[in-house]
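In the part that follows, the structures are each spelled out as structure tokens.
In what comes next, chain A is part of two complexes: it sits with chain B in the first one and with chain C in the second one.
And now, the complex of A and B:
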């Protein structure tokens, strides 16, 4: 018999995977299926409602205040937002996992220092710190990726360290230590492979936070600058036209919600899967 | 107990020192804080004069210690835009943010608890699935998007509530709903999972075997234990609550600290931004400290 937990895990994985695959397809194949230019506007087609045709072109999701096609802008925005979040997430995960490995294995002063840095990082509201740094270094995709990535390391360090503390006492680690394995080899070859899976699950569950964070920064106008669209700055720009053109806010938000639900379900499913295996 | 308190206090001080260093050195990320604080049209000579006047040409560590020394006496600098002490500006906006945050946390915790318990005791039924779906969508929707949708429907379309402002209860409704939705979902999910786990424990079986009513078992025995992680997580949420308040206050023109911070960033009023970050970290650290202490007092298994 299949345990009920397995069924729920499978359903979560399936629905989450489906949502994310759809979003990925939307971002990657979107420009091929819908070749409208996300940057080109027409003053004859400003603020057209979804589905309306203007100057010879149909706009399934309508147009914005300078007549740009919203569908094309959402496709481009999804690409950019997803790329930012994926790179930033991996950056934070790698950084945090490395520091967590060192803290857990080396112990002593290194451990104390790294863990205090974790506490410090977690005490500062992410969005405020990100806004402060973005205001100092200036907006831009690279700056945003670095800031989102570097500020996201703390949780990974905490979990990696906790795992390593358990592993450190196990026989294969003692054996490796006994034959005099070098520190980088110990961390990279013996400990890292054993903590990879939970760290990747954590990354999956961290993506929703990053998506919303990136969108919030974009919404407040300190992220990627217009005319380049992101899911957040599309909503920020559309806000002024909320009453006359609600679609400008509605559709980018739906994409954000789909991405967040997708990553959450996928992450939850992976957690259940791992728990089931651990039993 | 005393030892535990001293240790935790010491850690809190270290964390706050670290935060102050990050906040202080963030201004040096682009190389020249003087140029950063002046308008882009400022001439070379003006920037040099300003740098000297503000002490930015002193050794960086000296500047940091000066900043710290002022900070412990309650002087976090002067707003570049308003020309007033930043602490006063923040204190002025504090009640609005506190009101919004407390309202949002209260309704979201109450409803989240009710929904979480309801879902846990009806585990596997359609009702459970419905609650899970509501919780999942509540967590998926960004605060600012929900805020804009509420604004569109209740304020612009149906004209039931004001689009923004401060002072009366009706002004509070939309921002509090927008800000609380995420936490309501988070509490629901957490209570559900945590209560389901508690219900599987031996002491619950014992209580049932004793013949206690099932509502008594759930509410008195299982829920009490299930609440421990909920309280911890809610306290941890505080940092993100401020992030949510930031965008909520912008959308609903709520005169709180979040709006002050965003405007300060837009005006390049860095001393004000620094102070907001530092003070919110202080609140976060204080709340965590209190949670830890409450945790130790309430749960005899936590050793002191």
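And now, the complex of A and C:
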């Protein structure tokens, strides 16, 4: 028999996992189940309410201001937003972890330089940076991923460095150093495996931030360019029609909420698991 | 105890309700604030100062040139215009209006050292000669058929020489004195301007005693202020909020047809593939303008076939470009693109639902095989890219003749080769546009301008889409019709019951 406490402890993992699995299923299987074109619609069917039929097609979630099927757009938007967030998150995590490893293990000048870079990175407002990048190189999905990823590395670098400082003094590291292990091998084979778990938890908890960030960038119209939908673009474009067509904002908003809550619960659950194991 | 605050709010609301359009007082809410009020050196539209100053020539509600401070004017040779001035007109401070005031008003703007931001509007003037106190001659650098029009708008407002010399330009911009229907009372820069009726006005005492111009930059706040009655008239109502005003029993939406700018897609015709007129024609045929105006702009625009506005001098009623995707495909094939082509397109989020219009047009281009890669640029960046020629080969812009109401201002800057906003180069077009600038006789000039518009209709230097409406909101009791030149002459407004 499972103790009631165990169920509660596992509940966040279960609910979080369920929400994310549903969202992933929605994004992956959505286009198969609902083949409507997310990029084109009919001007004869603009702003139709959810469930209405127009120009020979049923629109379960209604249509937008230029007659595109909202369900199809949310499916595509979820795919693109998730892809952006996953790639950007991993990019930031890899970059940050690598730099944190180097800073923590090498110490000295490398440490000082990398940690000052962290300070600088944290001091630059994200919106300013994205405005600058979009003005100079133009908006686009690749640029957005790079900016989101590159601006997220600082936290990973700090945690990785802190952990490495601790590990550096341990016997197995000293032993490895004594037998003349090369630096890449030291970092990759001896230190990295020992800091992976917390970094992954951190990444899980960083996804909600990235989802909201992508949504705000899309809302400002600086991210992925129309007609390609992302969850943020959908809300940004729908905002003008909030009074006449609330579904344009409501449904993409629900998906964002599900993703953010899902990732947060999953992350919290993982943290608790780790704490329990550490004890 | 909780009753008290709500009582107070109720009383406040009642007070405010009475405030916006009480008999004799009108509060006008504008998106932009007034920073300075010297009409020769404005960096903002002249909407407010227009009520304080007069011009030699004025425009009536039908946008016809009518006598203002000048009772008559004529060209005495190719480069000289003579104006006969109205007698017995005085400035608000008692100073007499004479030919000297006209000379002073124009010369201080023309003075290069003064660096007037609006000097370009009267740069053709070579000199001003006083013939007698009620006759003045304006000499121009070359033939300038537009001179009377130039005398009808800023910076050609007439200012009192004695007062300006006495207080200096800075004080004048804060406490201006003109001949107009309203006298400036309190002026708090970037906040509000209060004006009182000029009882001695030469057209008669204005019906409304007090006008307050308030700056309310946020559109929703502006609409709310109108609905609560805090203001009686507002400018720049966003399309989405128009219906809210129409549904409210106390307010109404005022739609001025042909009041806005003409939206077009500029085409970089100097480079492939847009250097081929057939490609440009094909793109034009691909766009279903009628449905776009009806469905995406919800009829807040008028279809047009020319970049010249209906009220502009020289307007030719060109047919609205046809929608014929089949013919467009055939033209593309004929031009050597049977499999279509790929091209970049920039559409800023600046005009009425413009990003949506851009997406619809990209879809319609796709239907004839033109893959348009759409970008919605940030306006401040885009606004710098366009005059520098750094925009995409297809780019959305809006243009209009604004207060000159003349075809020249509407098409010369965007179709004459070498102009910063022009991406078209055609010697035939250049010849016509230059000729229109030299022709004094109005009928001959209109004919030249009509030929330029015919040429544009066939050669398609840009894809003319539609002309936006301008939207005002007003309390039902305020009698205001709105003007195509976007002025708000309070002298012509009445407040009913």
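Following the convention adopted for this analysis, the second predicted complex is superposed on the first by the 270 of 279 C-alpha atoms of A that agree within 3 Å, B and C clash if a C-alpha of one lies under 4 Å from a C-alpha of the other, contacts with A are read in each partner's own complex, and residues count from 1 in each chain.
Note that in this section contacts are C-beta pairs under 8 Å (C-beta built on N, C-alpha and C of every residue); 3 or more make two chains touch, one makes a residue touch a chain.
The model shown is predicted, which means the values in this text are computed figures rather than measured ones.
Contact with chain C, but none with chain B, is seen for A:67 once the two complexes are overlaid on the shared chain. Looking at the shared chain after the overlay, A:243 reaches both chain B and chain C. Looking at the shared chain after the overlay, A:198 reaches neither chain B nor chain C.
With both structures placed on the common chain, the touch criterion links A:131 to chain B and to chain C.
Contact with chain C, but none with chain B, is seen for A:139 once the two complexes are overlaid on the shared chain.
In the superposition on chain A, A:261 contacts chain B only, with no contact to chain C.
Contact with neither chain B nor chain C is seen for A:107 once the two complexes are overlaid on the shared chain. In the superposed pair of complexes, A:31 makes contact with neither chain B nor chain C. Between chain B and chain C, it is B that contacts the larger number of residues in chain A. In the superposition on chain A, contact of A:222 is made with both chain B and chain C. Shared contact residues of chain A, touching chain B in one structure and chain C in the other: 131, 135, 138, 221-222, 243.
Residues 11, 14-16, 18-19, 22-23, 26-27, 29-30, 36, 124, 136-137, 139-145, 148-149, 151-152, 156, 239-240, 242-243, 246-247, 250-251, 261-262, 265-266, 268, 270, 273-274, 276-277, 280-281, 284-285, 288 of chain B are the ones that touch chain A when the two sit in their complex. Contact residues on chain A toward chain C in their complex (touch as defined above): 39-41, 43-44, 46, 65-67, 131, 134-135, 138-139, 221-222, 225-227, 237, 240-241, 243-244. Listed in rising order, the residues of chain A touching chain B in the complex are 4, 116-117, 119-120, 122-129, 131-133, 135-138, 208, 212-213, 215-216, 219-222, 235, 239, 242-243, 246, 249-250, 253, 256-258, 260-261, 264-265.
Against chain A, in their complex, chain C makes its touches with residues 240, 243-244, 288, 291-292, 295-296, 349, 353, 355-356, 358-360, 362-363, 366, 374-378, 381.
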